[in-house]
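Okay, so chain A shows up in both of these, paired with chain B first and chain C after.
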Partner chain A sequence: MGSFIVKRLFLAVVTIVGVSIIVFVCARLSGDVTFLLLPTDATEQDIRNIRQSLGLDQPLWVQFMRFVAAVFHGDFGESIKYQVPAMDLVVARIPATVQLTLSAFFISIVVGIPLGVVAALRRNSVSDWTIRSVAVLGQSMPNFWIGLMLILLFAVKLQWLPSSGRGGFSHLILPAFTLALFGIAAIMRVTRSSLLEQLDMDYVRFLSSKGLSARLILWKHMLRNAIIPVLALCGVLLANLIGGAVIIEAVFNWPGLGSLVVESVVGRDYPVIQAAVILTSVFLILLNLSIDVAFGVVDPRIRYQ
Partner chain B sequence: MNMIDTQAKRKTTVSQDPPAFLHVDNLRTEITSRRSGRVVRAVNGVSFRLERGRILGIVGESGCGKSMTAYSIIRLLPRSARTVGGRIELEGVDLLALREGEMAKLRGTRIAMIFQDPMMTLDPLFTIGDQLAEPLRKHKGLSGGPLRERMLELLRQFSISSPETRLRQYPHELSGGMLQRVVGAIALAADPELVIADEPTTALDPTVQAQYLDLLDNLKKSRDLSLIIVTHDFGVAARLCDDILVMYAGRAVEKAPVEATFDTPLHPYTQALLKLVNLSDTDGGDHFVTIEGSPPDLSEPIEGCPFAPRCPHKMPICADEDPPEFAVDSGAASCWLYSETAT
Partner chain C sequence: MFTRVGKVPWIPIVLLAPVVVWGLFGPWIWPHEPTAIDFAARLKPPVWLEGGTANHLLGTDQFGRDLLSRLIEGARVALIVAVFGVFLAALVGVAAGLAAGYFGGVTDNIIMRIVDVKMSVPAILLTILIGSAIGAGVTTVVAAIAITFWADYARVVRGETLSLKERGFVELAKVADCSHLRILTRHILPNLQATIVVLVTLQLGRALILEAAITYIGIGIQPPSSAWGLMISDGRSLLSTAWWLAAFPGFAITATVLGANLLGDWLRDALDPKVR
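For the complex of A and B:
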């Protein structure tokens, strides 16, 4: 298990280096920041000066090396727009996004898995049919639209919950649930099909042939085997949720990383984009690492590889 | 009309015999294809008897219904299959009439099962010890020290090396032959009287196969077990079994003691199968031989004897009427050749 984690950590570092290169190059492909910073009547000299002061007159690879060197000192550069350290801006927004995505992830699992189990156990019944129909709706309707409808119902009509902003627990419910809908549907479907797949497996029949009760076979053996594909889905789902959070944050006016990134891309604030994307990928990689560890805990075959 | 006559005849012959340890009577099991909804009559009126301490081999080509017969007895059919008729009596109790809860009480304690592929038989996520402890806890009420003692004893009985280590290991850490021994130890943990083994040695290496067969034979003797071995391998059947049941197209076409089956096979199908075995033995087995033609489609109604289209001794009656079972010497065959009057 120890060497397994070390290997994963090494891969994580490689991934972060790759992400840095891609985001660095892509951010600069989006256009020249100088035109956004200077008045329209700026002279050639003004442009040269500001490019020099930002280090943009250097070749791309020199810029990148400087960036990497600075990052190793914990310096992601200054926001071009706000003139404060980019990392400070990003870090200020992180708790809100982490709270939103992790809540949505948690809801997806806690609601999705039991629904999948119920649907599998009562396959082809009314409850199975209902759960699956709602899941198809949940996966096919755009979540910003669902978000708006939920605001209309729970905030405007019923006035049970606040419509936007971040505050107490009540502010979290609508955005987290909206973001989680896709995850609930995805996890429910994989849990259902994976559990049904177990039913005709030899090991389940052998357990029955030992005279064990159906309940023990289900809860101890089948569920644990069925959860492996669900874990695999969780990694993809997390990336999906962080991407989805950008939109949901806009709908619910949630002060998270998503709105900051959108603003920075539009303003070509390279240091902020870089800091936000790299930090997000570190977050994602750490979450995926914990999923890999969870794999190892559930499945001895992976533990010993 | 003739079908009904035949079945009636079978029933009367059966009920005159003294009660057997296991008595399967006119068993019928169907598989419904999930896609097309077609119904395959996988087991179509199979009857046989098994006495205590004997080993019955069910042989036949793949798809003849031998595995479905086995799964029907312990009532562990796949979801797509179900038994639609007949009786399965274990010491006079009809297993097919039991509620699922009552049937579950018999599994492990009276009837046990060994599957074809040991790699697929055990739960990959739990240790050998964990899976061996389950039947002992449930049926024998063992725990703690006595449980561990009993587990080690069982593993030793199945000639499993370093049993202490095995208890801590996971299925993927053991070889196929070793795993099949472990499966045997788990299946027999709660002292069942009847063990059904579906192709127990097919997934094993030849040398390991022989050892496993010897092991089963020894266990049968020491525990007075009754065994049903489902196999397509006549070598396995000859080595281990007391009686042979040959199946074709979902029916039992021949039943006889093992020597009789090999010395004087009755049914033309058995004769053809044995000829193939002998042929492939003499030229080293690298020559692939088959019986001409193919088995009938079991989702279509069959008129007459199902083997008739491939049979070298075909008579006019064979195409029209399904042969009943005729007693011949020590065995029985469902073939018109043994009728005094058929032409």
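For the complex of A and C:
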């Protein structure tokens, strides 16, 4: 068990280093920052001075080591637009994103699992066919567009819900539901297929011939087994929701990490983008690490794969 | 699911045909020049609504440009960008997957670690990172699609290569003194055809959605081009007065993606004897 955790931990560190290399390379690709910082009439000497003060005259690997060291101290430089540390800007936006993502996650599970169970138990019925068709259709629509259409319907036409911003519960409904649509479809599909697999198992036939009621077999025995692939999906789902939130936040002007990043791209505010990408990735890597370890504890077979 | 209805995949064909025809023959069939400005016909609604004219079947935007003509031009942009992006992703991903699966060891380890890194950054953030580094434009979209999807090919192809290389015909090819390159391209790659074709089809749809999303947030295709994502983002500010501007490009995307997804499902069933 110990060596399993150490191995996973090592892989996580390697992945974090990989992410920092990507971010570092992209920063280099984005061009020479000295031109952003200097007036147009700067002399050769001015340029040399500022390059020296920024450490741009050092070899590439020295620059990378400095970058990594700064990142470990949470220092991503100052936002070009707001003149405050990029890290502070990003951290201030985290609560809004967490609220949106977790709400969508909750909706996905609460709606997706029952739909999957219904679809599996009434296989090939009208309700199964409808649920699956809606899921296929939903996965073919761009979710930012669904968001706009929901705004059109519920905010512009019916005027039931606010169209944008963050405030009370009513502000959360549209963005959270839009973001959750993808999750509902994904959870539904996995629940359905995993439950269908259980239906064919011998133990179900045995319990049923023993005289157990269908309801008891379903709730006490089948769902417990069927839920494992669904739990395994949850980590992937959370990562997808965090990514999806970027666009949804932009659509609904939700003041989270995503809309900050989108604003920063338009303003070429590179330090902020770096901070957001690295923080999000580190969070996802740690999330996957803990899920892996948790599954390793629960199911010893995984450790030997 | 839907596709088991018959042997010919009618639904995907019906959904995809307009886009392909629009993309190939756009300039010959659009009723107006997509960029033609006509202030006399600003914000006309679709023909079946009050105030609509048969001259502009789907209505016009705030500059009087014909929405249908712009949708047709958008099909061309959508197809070119999505096809290029997915093709590039397949090229890189298949090569990486073949190398990882066939050579194993250090090669496999390095490639799979790069896949891990890619998987731990959400695609959209990676795209934004690239967009902010090389600027907005078609190149960014193609690069974003390739970078987002190559890892899927790498994983699937690696898995299949691992089992294929244990098979007798690969052993025999080695005995016959074939080079690694020849074994990979002549003996292993042909057996991966079905898998790759299915994956490409399914990813075309996802690439189209990614393209629209990137363009929507402003780092993708730039005006005055009539990309569908761009049309949706232009329509956002006019949502309350001219809903059709944001709605119809979305329908076009949905129909195309649905068509690609259903075609992919059908191909998987048709090409995989195990499913049949």
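Following the convention adopted for this analysis, the second predicted complex is superposed on the first by the 221 of 305 C-alpha atoms of A that agree within 3 Å, B and C clash if a C-alpha of one lies under 4 Å from a C-alpha of the other, contacts with A are read in each partner's own complex, and residues count from 1 in each chain.
Basically, a residue touches a chain if its C-beta (ideal position, glycine included) is under 8 Å from a C-beta of that chain, and two chains touch if they have at least 3 such contacts.
All figures in this text were calculated on a predicted structure; none of them were measured in a lab.
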First, second, both or neither for A:V261, with chain B first and chain C second: second
More chain A residues in contact - chain B or chain C: C
Contacts of A:S208 with chain B and chain C, given as first, second, both or neither: first
First (chain B), second (chain C), both or neither touched by A:T15: second
Partner chain(s) touched by A:V277 [first = chain B, second = chain C, both, neither]: second
Which of chain B and chain C A:V246 touches, first, second, both or neither: second
Contacts of A:V156 with chain B and chain C, given as first, second, both or neither: second
Which superposed partner A:N288 touches (first chain B, second chain C, both, neither): second
Partner chain in contact with A:S140 - chain B first, chain C second, else both or neither: second
Touch list for chain B against partner chain A, complex: 71, 74, 76, 78-79, 104-109, 111-113, 115-117, 120-126, 134-135, 138-139, 170, 172-173, 183, 186-187, 189-190
Partner chain A, residues of chain C touching it in the complex: 1-2, 113-114, 116-117, 120-126, 128-134, 205, 209, 212-213, 216-219, 229, 232, 235-236, 239-240, 243, 246-247, 249-250, 253-254, 257-258, 261-262
Footprint of chain C on chain A - complex, ascending: 11, 14-15, 18-19, 22-23, 26-27, 29-30, 129, 132-133, 136-137, 139-142, 144-145, 148-149, 151-152, 156, 239-240, 242-244, 246-247, 250-251, 261-262, 264-266, 268, 270, 273, 276-277, 280-281, 284-285, 288
Of chain A, residues touching chain B in the complex: 199-203, 205-214, 216, 221, 224-225, 298-301, 304
